[in-house]
Amino acid sequence: MAQKKQTYREAMQEVEDILSSIENDEPDVDELAEKVKKVSQLLKFCKDKLYKTREEVEQVLKDMDE
Amino acid sequence: MAQKKQTYREAMQEVEDILSSIENDEPDVDELAEKVKKVSQLLKFCKDKLYKTREEVEQVLKDMDE
Amino acid sequence: MAQKKQTYREAMQEVEDILSSIENDEPDVDELAEKVKKVSQLLKFCKDKLYKTREEVEQVLKDMDE
Amino acid sequence: MAQKKQTYREAMQEVEDILSSIENDEPDVDELAEKVKKVSQLLKFCKDKLYKTREEVEQVLKDMDE
Amino acid sequence: MAQKKQTYREAMQEVEDILSSIENDEPDVDELAEKVKKVSQLLKFCKDKLYKTREEVEQVLKDMDE
Amino acid sequence: MAQKKQTYREAMQEVEDILSSIENDEPDVDELAEKVKKVSQLLKFCKDKLYKTREEVEQVLKDMDE
Amino acid sequence: MEGQLTLSELNLLIKDSLETAFPEQLWVVAEIAEMKINRTGHCYLELVEKNSETDAILARARATIWMWQFRFIQPYFETTTGQPLTNGLKVLVAVTVEFHEVYGLSLNIKDIDPAYTLGDLARKRNEVIARLTEEGIIDMNREIPLPDIPSRIAIISSPTAAGYEDFMNQLENNASGYSFYTKLFQATMQGADAPRSIIMALDEVFEMADRFDVLVIIRGGGSQIDLGCFDDYELAMHVAQFPLPVLTGIGHEKDETVTDIVAHTKLKTPTAVAQYLIQKFDEAAEIIEHAKEIFINRVTNILHNENQLINASIRLLRPLVKNSIENASLKLRHKTKEVKPVIEDTLELENFRQIKLSDKVAAACQTAFQQQRNRIESLSVSSNHNTKLLYLKEEKIIFDKLHRLKYLSERILEKKQSQVNLFEKTTNLVNPENILKRGFSITLKNGKAVKNSRSVKHGDRLEHILYNGKIDTVVEKKKQK
C-alpha cells in the first residue's frame, strides 16, 4: 500500500539511502537480504513508473497530434 | 468541474506556465506525466472551445449574410 | 430593452468598437462568440432601422408628391 | 403650434438648413426620417402660404386693373 | 385718414420704397400680400390724383366758401 | 525450532562465544566435541544463509536485467 | 439896325454853316425817346441822351427816316436784333445834320447799326441778370420743386389773348382726361405798362399761393418782338422770388427774356406750357403705370421664384435622402463584410497559436529529454531517441544502483563468508575428531575423559576413543613423570 503512494523520487531517494547504509553500516546478512529485496522492489517500482510515464507521455503526445 | 469554469485564456495561460516549468525546472518523472496530461487536457479544452467558437461564429456570420 | 433606445449611430459605433477590440486586443476566444453575436445583433438592428427609415422616408416623399 | 408662428422665410431657411445637414453631415439614420418629415411639413406649410399669398395677390392685381 | 393727407409724392415715394424692398431684400412671402395691397392702394391714390383734381379742389373751395 | 528463528548474527555470535569458551575454558573432550558440533551446525546455518542471500542478490540483479 | 438879318437869312446862314460843319454823315449814339410813323411811311423820331446815373436828359434831337430808307432799315434792324425798333432803344445811327428854315434842326437817319443796339440791349439785360445774380435770387424760382402733377394752375395772362385760349383748350381737351384746375389772373401783357400790371397780378396770386401748384405766365397773339417788358428788373425780381414754380409761355422765337431766365421753366408758347403740364401728367401716369408694371412683375417673379424654390427643394430632397440612405446602407454593408475576415483572422490566429503551443509541448518534452541526455552523456548510451533519454538515464541509475547493490552485497557476503571460513577453520582445529585423526586418543574412565594420569590406578578399566573406533583396556602399569 505504501508503495503505491510513494513517488519515483522518494523511491529513488530510498534506494540511495539503503545503498548508503549498506555501504557505510555494513549490515549483517539478515539485513542485507532484506535491504536487497527492498532495493529490488524500489527499483522495480521506479522502472515501472518510468516505463509507464514514457508510455503515457507518448500516448498523450500521440493523442495531441491527432 | 473546474475546467468548465476555466476560460480559454486561463487554460492557454496554464499551458504556457506548465511548458515553462517543464522547460526550465528539473523535469520530474512523477510530475511529467501529470503535467503532460494536464497540458493535453488543456489544449483539448482550448481546441474544443476554439472549434465551438468557430462553429458559433460561422453560424452567426452565415445568419448575417442572409 | 436597451437596444430599443439605442440609436443607429450608437449601434454602429459599438460595432466599430467591438471590431476594433477584436482586431487590436489579444484575441479572447471566451468572449469572441459573444462579441460576434453582439455585432450580429447590432448590425441586424441597424439594418432594420435603416430599412424602416427608408420605408418611412419613402412614404413621406410619396405623400409629398401627391 | 410653433409652425403657426413660424414665418415663410424661417420655414424656408429651416428647409435649407436641414437639406444642407442631410447633404453635408455624416448620414444620420436616426434623425433622417424626422428630418424628412420636418422638411415635408415645412415645404407644405410654405406651399400653402405661397398659394394663399398668390390668391390674395391675384385678387389685388385684378382689382387694380379694374 | 392718413392717405388723405398723404401727398402724391409721398405716396409714390412709399411705392418706390416698397418696390425697392421687394427687389433688394430677401423676398418675404409673409409680407408680400400686405405689400401688394399697400402698393395697390398707393397707386390707386396716385392715379386718382391725376384724374380727380378739379373735383377735389372745387370741393375744397366750395367747403371754404361755405 | 530455536535455530529457525535464530538470525545469522546470533548464530555468528554464538559461534564466537563457543569458540571463545573452547579457547579459554579448556573444555574436556566431551564438551569440546559437543561445542564443536554446535559450532559446526551454526556455521552451516550461516553458510547456508550466506549462500541463500547471495543467491537472492543475484536473482534480483538477474530479474532487473530482464 | 445894321447887320440885321431876317430869320430866314439867319436860318439859311445856319443851314450853310451846318452844311459846312457837317459835310459828311456822322455815326451818333442816341436813345429813341419817341418814334412815329406817318401814313406815308416816314418815320419821325425823338432822340435823346440820358445821364446813365440819373436818367436826366442831356441832349435831345429830332430825327427822320424817310420812307424809302425806313422800308429797308426797319426790317433789317428787327431781323438782326430780334427787337422792334421802338422807344427806349439805344441805337447807333448814321445821320446827316439837316437844317430846315421852317422846321429847324433835324437829323436825317441814313442807316442804323443793329449790332450796337444788340450790344446795348444785351448789356442792359446782362446788367439786370448780374443784379439778380448778385442779389442771389436769379435761381430762386428754379429751385422750387415742380410738383409731380402740377394740377392746380394760376394763370397770368390777358383773357382776350389768343394764347390764353390756346392754353385752356389744350388743357381741357387733353387726350388722357387729366383733371386740371385753373384760375386766371388778368394782366396787361405788352407795352410799358406790362411789368407793373403783371406784378400786380403776381401779388394777387401770391395771396392764395397755397391753392396752386404752379403759376403760368402766358402771352400770345401780340407782336413777336414786343418783349422788352419781360426784361424788366422789377418783374424779373418778382418772378424769381415767387413762391410757386413759374412757367412762362411768353411766345418768342429767339433770345429768352430775363423773366424766362428767372422762371422755373421757360416754354415758347402757351400751347407748349399746356403740353408741358400735360406731359408732366403723362410722365406721372407713366411712372405710376411703370411702377405698377414693375411691381406686378416683381411680385409675380417672387411668387414664381418661391414656387421654384419650393419645387427645387422637393426635387433636391429625394436624391439627398436616397443618397444619405445609400451611404448609410453602403457603410453598413461594408461594416458587415468587415466582420467576417476580422473574426476569421482572429480564429486563425488562435488556432495557429494552439498549434504552436502543441509544438512547444513536444519541443519542451524533447528539451527535457535532451537535458537528461546531456546529463548522462558519459554513460554513452547511444540512442537517437531523445525522448528515451530520460528513461535511459533513469534506467541507468536504476542499473547502477542495482550493481552497487550487488557489489556491496557481495562484498559484505564475502566478508561474512571469510568470517565463517575462519570460524570453521578454528573449529576444525579444535575438533577432537581431527586430533584423533592425527593419532591422538581420548581415554575415558567411567565414561569420563581422563585428563591427568594421576587419576588412573593400576587395574583401572579404561576406554580409549580412537579415530574410527574405541578400544577397552586395563591399566597394567603406571609410570609417573
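In order of appearance the chains are A, B, C, D, E, F and G, and numbering begins at 1 in each one.
Assume contacts are C-beta pairs under 8 Å (C-beta built on N, C-alpha and C of every residue); 3 or more make two chains touch, one makes a residue touch a chain.
Just so you know, these numbers come straight off a predicted model, no measurement behind them.
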{"item": "Farthest-lying chain, centroid of Cα atoms versus that of chain A", "value": "E"}
{"item": "Interface sides of chain A and chain B: same vs different residues, half threshold", "value": "different"}
{"item": "Chain located farthest away, centre of chain C as origin (C-alpha)", "value": "F"}
{"item": "Distance from the mean Cα position of chain G to that of chain C, given in whole angstrom", "value": "45"}
{"item": "Inter-chain centre distance, chain A versus chain D - centres from mean C-alpha coordinates, in Å", "value": "99"}
{"item": "Between chain F and chain E, distance of the C-alpha-averaged centres to the nearest whole Å", "value": "161"}
{"item": "Rounded Å distance, chain C centre to chain D centre (Cα mean)", "value": "33"}
{"item": "Of all residues in chain E, the ones touching two or more other chains", "value": "29, 32, 36, 43"}
{"item": "Residues of chain G touching at least two other chains", "value": "292, 299, 303, 306, 314, 317, 321, 325, 328, 331, 336, 339, 343, 347, 350, 358, 361, 365, 390, 394, 398, 402, 405, 409, 413, 416"}
{"item": "Contact pairs between chains, per stated definition", "value": "A-B, A-F, A-G, B-C, B-G, C-D, C-G, D-E, D-G, E-G, F-G"}
{"item": "Chain E-touching residues of chain D, taken from the complex the two chains share", "value": "7-9, 46, 49-50, 52-53, 56-57, 60-61, 63-64"}
{"item": "Residue numbers on chain C that touch chain B, as the complex places them", "value": "26, 28-30, 32-33, 36-37, 40, 43-44"}
{"item": "Residue numbers on chain G that touch chain A, as the complex places them", "value": "358, 361-362, 365, 387-388, 390-391, 394-395, 397-398, 401-402, 404-405, 408-409, 412-413, 415-416"}
{"item": "Chain G - residues contacting chain D, complex", "value": "292, 296, 299, 303, 306-307, 309-310, 313-314, 316-317, 320-321, 323-325, 327-328, 331"}
{"item": "Sites on chain A touched by chain G in the complex", "value": "8, 12, 15-16, 19, 22-23, 26-29, 32, 36, 39-40, 43, 46-47, 50-51, 53-54, 57-58, 61, 64-65"}
